[in-house]
Amino acid sequence: MSKYDVKINPIVGTETTVLGLVGETQSVDIHKLRSMDIVEKVIRVQEPYKKANRAFHPQDTIVEVQNRKIGEGHFSVMAGPCSVESEEQLTGIAKAVQASGAAFLRGGAFKPRTSPYAFQGLGPAGLELLIKAKIETGLPIVTEVMDLSQLSAFDDVDIIQVGARNMQNFTLLKELGRLRKPILLKRGMSATMRELLMAAEYIMAGGNEQIILCERGIRTFEPATRNTLDISAIPVLKRQTHLPIIVDPSHAAGLSWAVEALSKAALAVGADGLMVEVHNDPQKALCDGDQALTPEAFDHMMSELKRYAKLENKNI
Amino acid sequence: MSKYDVKINPIVGTETTVLGLVGETQSVDIHKLRSMDIVEKVIRVQEPYKKANRAFHPQDTIVEVQNRKIGEGHFSVMAGPCSVESEEQLTGIAKAVQASGAAFLRGGAFKPRTSPYAFQGLGPAGLELLIKAKIETGLPIVTEVMDLSQLSAFDDVDIIQVGARNMQNFTLLKELGRLRKPILLKRGMSATMRELLMAAEYIMAGGNEQIILCERGIRTFEPATRNTLDISAIPVLKRQTHLPIIVDPSHAAGLSWAVEALSKAALAVGADGLMVEVHNDPQKALCDGDQALTPEAFDHMMSELKRYAKLENKNI
Amino acid sequence: MSKYDVKINPIVGTETTVLGLVGETQSVDIHKLRSMDIVEKVIRVQEPYKKANRAFHPQDTIVEVQNRKIGEGHFSVMAGPCSVESEEQLTGIAKAVQASGAAFLRGGAFKPRTSPYAFQGLGPAGLELLIKAKIETGLPIVTEVMDLSQLSAFDDVDIIQVGARNMQNFTLLKELGRLRKPILLKRGMSATMRELLMAAEYIMAGGNEQIILCERGIRTFEPATRNTLDISAIPVLKRQTHLPIIVDPSHAAGLSWAVEALSKAALAVGADGLMVEVHNDPQKALCDGDQALTPEAFDHMMSELKRYAKLENKNI
Amino acid sequence: MSKYDVKINPIVGTETTVLGLVGETQSVDIHKLRSMDIVEKVIRVQEPYKKANRAFHPQDTIVEVQNRKIGEGHFSVMAGPCSVESEEQLTGIAKAVQASGAAFLRGGAFKPRTSPYAFQGLGPAGLELLIKAKIETGLPIVTEVMDLSQLSAFDDVDIIQVGARNMQNFTLLKELGRLRKPILLKRGMSATMRELLMAAEYIMAGGNEQIILCERGIRTFEPATRNTLDISAIPVLKRQTHLPIIVDPSHAAGLSWAVEALSKAALAVGADGLMVEVHNDPQKALCDGDQALTPEAFDHMMSELKRYAKLENKNI
């Protein structure tokens, strides 16, 4: 294989011969090998991501945002409405979640909606309301970018969120790699953990290594929940990568009454934080009202989480 | 619909007419209605299970086995080897898990194995070893029945387990309905929560209402874990049924190093207990060695779980 | 590895060492290797089934039933009602499907139903009606066994069907391995192709090699169809095994109006036959009426399939 | 419900009351209703898409491109390499597939690749090579846009492809709705048929109704194929929408030797065409070599398909 910097080690069996490739195998195109008639199967032994790989970077990455740390020893809660609706709504919720112990304000300005006839978010005006709420409360803000063309408006956003549907929007990921700003990368609805890490690798390959991964449920055959929260992804990803990982229990189940239980499970399993939907009046929410907590329910949850955090010596 | 004891309520829209059926709709065959040309869709509004339904039985069911309670206020840990291998092995493990706080001894005598060439369990001899270990330690025993024909040998077994592959072995379920003995019913690999409850209903319809449900991971596209632990199933099932629910973190992930984290999550989310694989020498285990805890790791996990149980006011 | 008859070939890389095992690897327990601390991953290169493997048995297996061949060069259609309801119903349907070109009569006597409150089949009386219909029409019969305890009543059944829910009922499979009678083995709802072949291997290990595989749809996230017909399984399985493979389009989609299109696709993709539900009055069918064809629709389908079969030089 | 233009029809049962809503229910937010404490479940009876809905537009849509028709009565084959590599490669393949009967040339200039270290496509230079090949052969071209920012370079592209990963890139879909050019919309890896139709609705809501849907396999638990071709989606979608639907057998299975069989199944099941990968030298292909046909294999497949097309009275 003169083209690649690899050595070949043959293992000869009676019915099959295995060729072991050693060296710079990351550059080897697995599909090309597989296309050869004499090749029956090609199996990759090492992971194809480098910068996100704990094997090459054993220490946990801690993402810092305005003196708040995400990762090792901290349990960071990002809370707020699914979509920004008005200044009054947003500031009210922001103050409430801050009082209960949230460290970040989340809220959607650009909203990916399945139906073109559904409310699509306030757009740039929504971003402005988020920034106002940030000034008033001091809470750093997290909000989703849906397209490259919106990025210029994100200068004052503290953490830029990439939604599940955009996890493999590679053009966007590359551009985010050029920034020096934390990125919250949500797992795609049917993305494997490896694909999530490859998406992180896209951003990291550009030099931006401040990435927070987010498990938000995967698509399965089970209709009783909106998605299936893959709780095992937390310990498995922790072993494979040094990046911090949070959980979104609101989208995972799509059931507001299950959020507290799932949040406790997330803390117990080792997650570094949460992203939770809170709305002052879920029944009037312009999106996803059925999965939002009221400020009261959020406050109850936070007091429970604080008891759990003590057990794990984590700051909340 | 003279044939059924239901009344029909029409709702007339401009493009569609909806017929609402009220009454004994459990006896209505949804497939039959759907087969009529003029019917486009049939949707069931109420759940088709009755005895397992919390709506008709609001109080939690508590299963009692030799003065040990499973359900409300208790966190019951069932631990032991995947398969019973020898008296020495089994008694050794039984004493170890008992010392760490397990309330039940689990162990497989009849083993469902994917390959006909793999170790198939000791069979009746395995059951005898379980009973010996029970006599020696006082731990009630839990073990799997794979077929009706084996049932006669289960007289001294305290809890009879129905494995995931048998969750819809209806002939077996009906027979178990005739017993008056606790049944541990594992969720099938691709069974919905509703199907799990219907399987419980099969047993309950026969009059045996001592059922413990067990979430053990479902099959999804994710290859990093053996199955995907559906942690949300615990709060969702708790709302739908009064039966106790435990979690099997060993089969769920198939990764021994993830079992402790997943067990803490199970307790935090509200499960009533665990079923965990423990082996004195996992590398020599005759089955599933990669998911078994050593007695030392199990002991560490139990001490962690006890701290968590206190937070929830549960006995372990 | 003195315990196993294998040789070890090390491949040393800079970060990882791969050990290639050659020889009788079918006896090696992959889980045991994985449980060792120094082992990160274990990957099987060769398939773990032997008797079902085309690599060791290149020629197609042809299953013969009363001078009718299933396999190479034949497209065998098995048709009949979901469940046997009465002599009149069954004989009527049997004659109709025979006139249209079906080679086998299918019909359920023992019925696996999700709900204990649904019609459970006529049982032994249903088997008798099937045998009567066989005598009257000459059509060999195919019907499902749900449990070992029913087997004694299957003496006059020509092909014994193992349903999807029983694909991994290993006790049953072993018993069927002792028979010398064709077995129709349906793929489990969430069984991989490899698991299907391992289930066939269970029967073949007992000496019964007359197995017909049946693809009947797998469980996925898509709710528009009852299951997702995995049409690619036909060419993939054909490459891996020498056993004949048929398709059940009725259960796959659960939509009678889609059966003809799916049946044509099954023939075109290379399947060896079909198993189709036909009912004289689907709206009154005691089970699955929404997926049954009327005899008229079946006749139309058969005339279409005959045109397709000519293109592929297959007998119908 | 004064806010919405709907009427409420109550159906009162003994345990549950069902409220039937009739009228402009497309504007009703299902999540909001579900968030009310007294509401247990909300079920939508009618489909939420309008313009893509066959109920409101019974006639098949035929997409015309340079006098070539896609839809009713035509079986359109789009063939070419996964990625454009060089003028020589592309023109060579274009002439070959044209000679065999392909009606469109496909080829990737912008390539979505899982790894940032893999070949990312030639970009604008690739588009130029496609246009050259179009001039030389007269074949209209189909190629993928990955991001809004690339759209300006697509003026001479005949059909713009939206890839599976971008099916819910709503910003992009809206922009494509402003064009008056055919869009090939691929189904997302884990998108339901309804979501696919909602994505089409996004484009159609903008006024562009020339949409071709493409089934390319969905993600399931089965590892033997790259994806699971959902062949039933063709008849089901045909019933729900008037838009033409083609199949991509190359991505569906990821196995070049299965492409011919799957293509015949696609024609037999009622698809309006195919999108197939062809490469002059698959072993040297810069991407996905293992799923590409050689020109010889493609020619063989086309001659088979022509025989099948005759049976269905379709032009190829």
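Note that the chains are named A, B, C and D in the order they appear, and that numbering of residues resets to 1 at the start of each chain.
In the analysis below, a contact is a pair of C-beta atoms (placed from the backbone, for glycine too) under 8 Å apart; a residue touches a chain by one contact, two chains touch by 3 or more.
Predicted, not measured: the structure shown is a model, and the values here were computed from it.
> Which chain lies the greatest distance away from subunit C when centres are computed from Cα atoms alone?
A
> Any chance you could check whether A-C or C-D wins on number of contacting C-beta pairs?
C-D
> Measuring from the mean C-alpha position of subunit C to the mean C-alpha position of subunit D, what distance in angstrom results?
31
> Go ahead and note the Å separation of the Cα centroids belonging to subunit B and subunit C.
Result: the chain centres lie 28 Å from each other.
> Centre to centre, by mean C-alpha position, how many angstrom separate subunit A and subunit C?
Once rounded, the distance between the two centres reads 42 Å.
> Any chance you could list the residues of subunit B touching two or more other chains?
190, 219-221, 223
> Can you list the residues on subunit A that touch subunit D in the complex?
26-27, 29, 31-32, 34-36, 48-49, 112-118, 120, 146-150, 165-166, 168-172, 174, 189-190, 195, 198, 201-202, 205, 219, 256, 282-292
> In the complex, go through subunit B and note every residue touching subunit A.
Touching subunit A from subunit B are residues 190, 192-194, 218, 220-225, 228-236, 239, 252-253, 255, 257-258, 261-262, 264-270, 307-308, 311.
> Show me the residue ranges of subunit A that touch subunit C in the complex, using the header's touch definition.
Of all residues in subunit A, those touching subunit C are 9, 11-16, 18, 20, 22-23, 41, 43, 45-46, 55, 219-221, 223.
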